[in-house]
Amino acid sequence: MNKVTILIYCKDRPNIIANVTSFIGGNGGNIVYVDQHVDSEQDIFFIRLESEFDGSAFSLERFKELFKNTLVGKFDMKWRMYSSETKPKMAIFVSKYDHCLYDILGRYNSGELNLEIPFIVSNHNNLRGIADSFKIPFYHIPVTKDNKVEAEKKQLQLLQEYNVDFIVLARYMQIVSSKLIDNYPNKIINIHHSFLPAFVGAKPYHSAYRRGVKIIGATSHYVTEELDAGPIIEQGVAHVSHTHTVNDLIAKGRDIEKIVLANAIKLHANRKVMVYNNKTVVFY
Amino acid sequence: MNKVTILIYCKDRPNIIANVTSFIGGNGGNIVYVDQHVDSEQDIFFIRLESEFDGSAFSLERFKELFKNTLVGKFDMKWRMYSSETKPKMAIFVSKYDHCLYDILGRYNSGELNLEIPFIVSNHNNLRGIADSFKIPFYHIPVTKDNKVEAEKKQLQLLQEYNVDFIVLARYMQIVSSKLIDNYPNKIINIHHSFLPAFVGAKPYHSAYRRGVKIIGATSHYVTEELDAGPIIEQGVAHVSHTHTVNDLIAKGRDIEKIVLANAIKLHANRKVMVYNNKTVVFY
Amino acid sequence: MNKVTILIYCKDRPNIIANVTSFIGGNGGNIVYVDQHVDSEQDIFFIRLESEFDGSAFSLERFKELFKNTLVGKFDMKWRMYSSETKPKMAIFVSKYDHCLYDILGRYNSGELNLEIPFIVSNHNNLRGIADSFKIPFYHIPVTKDNKVEAEKKQLQLLQEYNVDFIVLARYMQIVSSKLIDNYPNKIINIHHSFLPAFVGAKPYHSAYRRGVKIIGATSHYVTEELDAGPIIEQGVAHVSHTHTVNDLIAKGRDIEKIVLANAIKLHANRKVMVYNNKTVVFY
Amino acid sequence: MNKVTILIYCKDRPNIIANVTSFIGGNGGNIVYVDQHVDSEQDIFFIRLESEFDGSAFSLERFKELFKNTLVGKFDMKWRMYSSETKPKMAIFVSKYDHCLYDILGRYNSGELNLEIPFIVSNHNNLRGIADSFKIPFYHIPVTKDNKVEAEKKQLQLLQEYNVDFIVLARYMQIVSSKLIDNYPNKIINIHHSFLPAFVGAKPYHSAYRRGVKIIGATSHYVTEELDAGPIIEQGVAHVSHTHTVNDLIAKGRDIEKIVLANAIKLHANRKVMVYNNKTVVFY
């Protein structure tokens, strides 16, 4: 049994659903799940389908080709198709904070994540021990003002070598370059430690403390050129009060960051997120 | 343009989605929304579709007939079909508490609810003034040990007279009879002032206080024979602490009750809830 | 039995608690509640006490005088003292939106609010019917570009005439003037329909929609010169998704606004909020 | 500078606060924090104070003695006193689930927990590797029907040997005996994977799934004789829907369990929890 996930978006027009479902049915597929959305403001249609195809005769490549020739042109579709057999490969970028790394690896170990982690890369050496204890390759690529271009080149080499599908910045305290972003469009997931768009940039917990907010948050989003302004995948919050110091906010925030980032990773790995015009459609 | 909402469930089998979507497309319908779920434990397939049919020639009755003959038997479907032009009629049952009534009528007035409220019925006369100020007929049907059967007969008469589609018990402090339940299966929405299944029955805030819980809740559910055990539509919670007295819990609880009940009403009125085996499938 | 609430803040120094509690005890008072906080960053001490004084001989004026002479100078205290017998008088300012007004009056009616509402003022006449149905005086003071100064003069006259203690802007869609703010420092409560500091200013739900946030919020704060930048009293949030239109956000937001504003009103009316350096200390 | 935390409860009577604060002030202490509560239903007064005592001359033992002779008898107080220098010692009991253990040790490592972990004990050997990687002694004490008494004797020996102050059952899948409970009254913290009092006992996620609840939860409580009926310290919840399988509930539940248990541990370790009549007073 071959399980295929299809993600499509295009300008909204009549009969897209019927066309897509008939095409799948007509080619021996049984649709087991369908999720769909219309952004009526922008007039864009989104659909996500999971289908099962019997038999050893099925070829995903042939099906893709047929799909392209039959439907893609007709509706001017943007589309992606995945076999559920291939788990996506996720690289982890970290600096010195360990809470998100521990959290991700703990979930990975327990089988909660439907992905592979080929390696961890860091601009510091501090977290190597954690990588070792989970038996995952760890690459230390220091980043300074002077070696930025070279460091990034090494990162890209690693990403290609391991055939990485997407990247998670698990509190990686460096701004990634346009080149990396261009190579991984809507495929670099960041966790920002504030309730965006409030408190963009550095030290958001300090800003939240100064402003005297009663709720703090964390936001996972895809990285784009503009800092902390990419499409939001998931957000989480927690109540705070005047009794909390900045350090209390940081500690409380760690718990939100971990969960928000883990959820974003799972949604992305399960191919449940679509991006259009800097916003996400998330099929839970 | 005729908009039709279709709700179907049946035993899960291959190709249901393709069959349903082809049928709609083949009969001139454009599917604008589809939501679907498979309960793999019970092997039941659920689907909800919104379709648009062009032209004045369309007849919902004829379409229903055709649907019945073509698909219902083939897949042994349970199904309902609604024209989006007909707003459901909701009767409100109250006793003496006014917070849920105020809340529902405020939303009704502001156009937030996609339904009609033909009348309010109560076993007390206290809330007549509120009904009057919103210009909604109010019927006072006292309920005592001795007149239960007769009172209920009057209620049923009213419900039939006004062609009521569903009933909301907005803190109606009486147990409704089997007869009413049989006439409105999965069509009587109750708000229970606890986080079910905790604290079934009377005075749940007192029980919550005694147990020393740190979170209280409210639950809206369809009424069934067994007390507070019907299919849950929506639940809400709020944090509490040792500083809260029973009266504080009651006051805090009112806010949860209002919102949870309003959400359940909206979901039901928009035909987004399906029930199977005492559980709900809610298409948000 | 006379119940007195005392709120004090001053620079942090040793033995303030002992001094204050001894003073109260030495003057026949029994402390029934004490809440306290030290802002160690700014080195400021906050305390709130509820005390009971026996007998008819007690005079709040005399006690205040004694307190001033004995402790205030010694510790350079800022302080307020209230008899629990005097309920604060709250004026409500509204425009055309009715949800917060309905909510406040519903709570007022049910006895949930420990305050008096002498009148409602509005720049429109739309909500007069609601005021009438709750039997509360309603003043229509239109505000245009040309009559701003005069309109405000009328507002201030009303506020003085009725001896108003604090003002709640229940979705009052006008910017209040410096003069009003000066007359009611930290005594004008606004509800802003976003999770501040995100989306300051007009149409925050539209901005939230455009940004694609996954959580929306509302913020109640004291009004200061800078728009939407005053001390935050309470915040609330709700999860949203790509399925929500701007109108859905507005409808969902109404529920958050109502509850957040009601909580802020209750905290203020119960004298549980202190303000220092544009932040609040809220003793729940 | 000696920092002392005092926890007291007794029957409510006038002037307790003044008596306690004067006593501390009169013995050279500066009160830096005070939290207080009156349970008016049971007429019980609770207070928690943090005080600083200057100089090397201060002796906690002498102060305790003085306190006992001066105040304890007078008000018939139950009391505990701690030097902030002595961190409490917490033993961890686990079975095979690792998520709570990872979470606690990660926080311990990052300095978030104000306590010492002398050892981990388990009825299985599975998690030894984790203990090793955090360099904490791990004792494998198998528990069978036949060796229960002996196994427990070994546990008690370890607890005494290491001078353990309190125990956390981090998903320890065994019922602990009366003897252990008697030795550690209100000092054994359990995490139950449901929103108590709903779903007491085994397999609560399965029960929650069957009941079709829309919110799941976790509860940390002190262990008492009656199963899952001890004083509740903290509860947490998460929304779920019909799309979640039992395994999804279990995975989502792990995140709630971790945070709820960690919060309970922190509150207990910081001496912020008092217990009276099977309910907690928690000074946040």
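Should a chain be cited, it is by its letter among A, B, C and D, assigned in written order, with residues numbered from 1 in that chain.
One rule holds in what follows: a residue touches a chain if its C-beta (ideal position, glycine included) is under 8 Å from a C-beta of that chain, and two chains touch if they have at least 3 such contacts.
Since this is a predicted model, take the numbers as computed values, not measurements.
> Centre-to-centre on C-alpha atoms, which chain is most distant from chain D?
Farthest chain from chain D, going by C-alpha centroids: B.
> So what's the Cα centroid distance for chain A and chain D, whole Å?
That gives a centre separation of 37 Å.
> Using Cα averages as centroids, what's the distance between chain B and chain D in whole Å?
Distance between chain centres, rounded to whole Å: 42 Å.
> Which chain C residues reach two or more other chains?
241, 243, 284
> Which label fits the chain touch graph of this model best, line, ring, star, complete or other?
complete
> Using the touch definition up top, name the residues of chain A that touch chain B in the complex.
It is residues 14-15, 17-18, 21-22, 24-25, 30-36, 38, 239 of chain A that touch chain B.
> Which residues of chain C touch chain A once you look at their complex with the stated criterion?
Contacts found on chain C: 37, 39-41, 195-199, 211-215, 217, 231-237, 241-243, 245, 278-282, 284.
> Touching residues of chain B toward chain C in the complex: what are they?
By the definition above, chain B touches chain C via 98-99, 102-103, 106, 109-110, 112, 133, 241, 243, 251, 255, 259, 262, 284.
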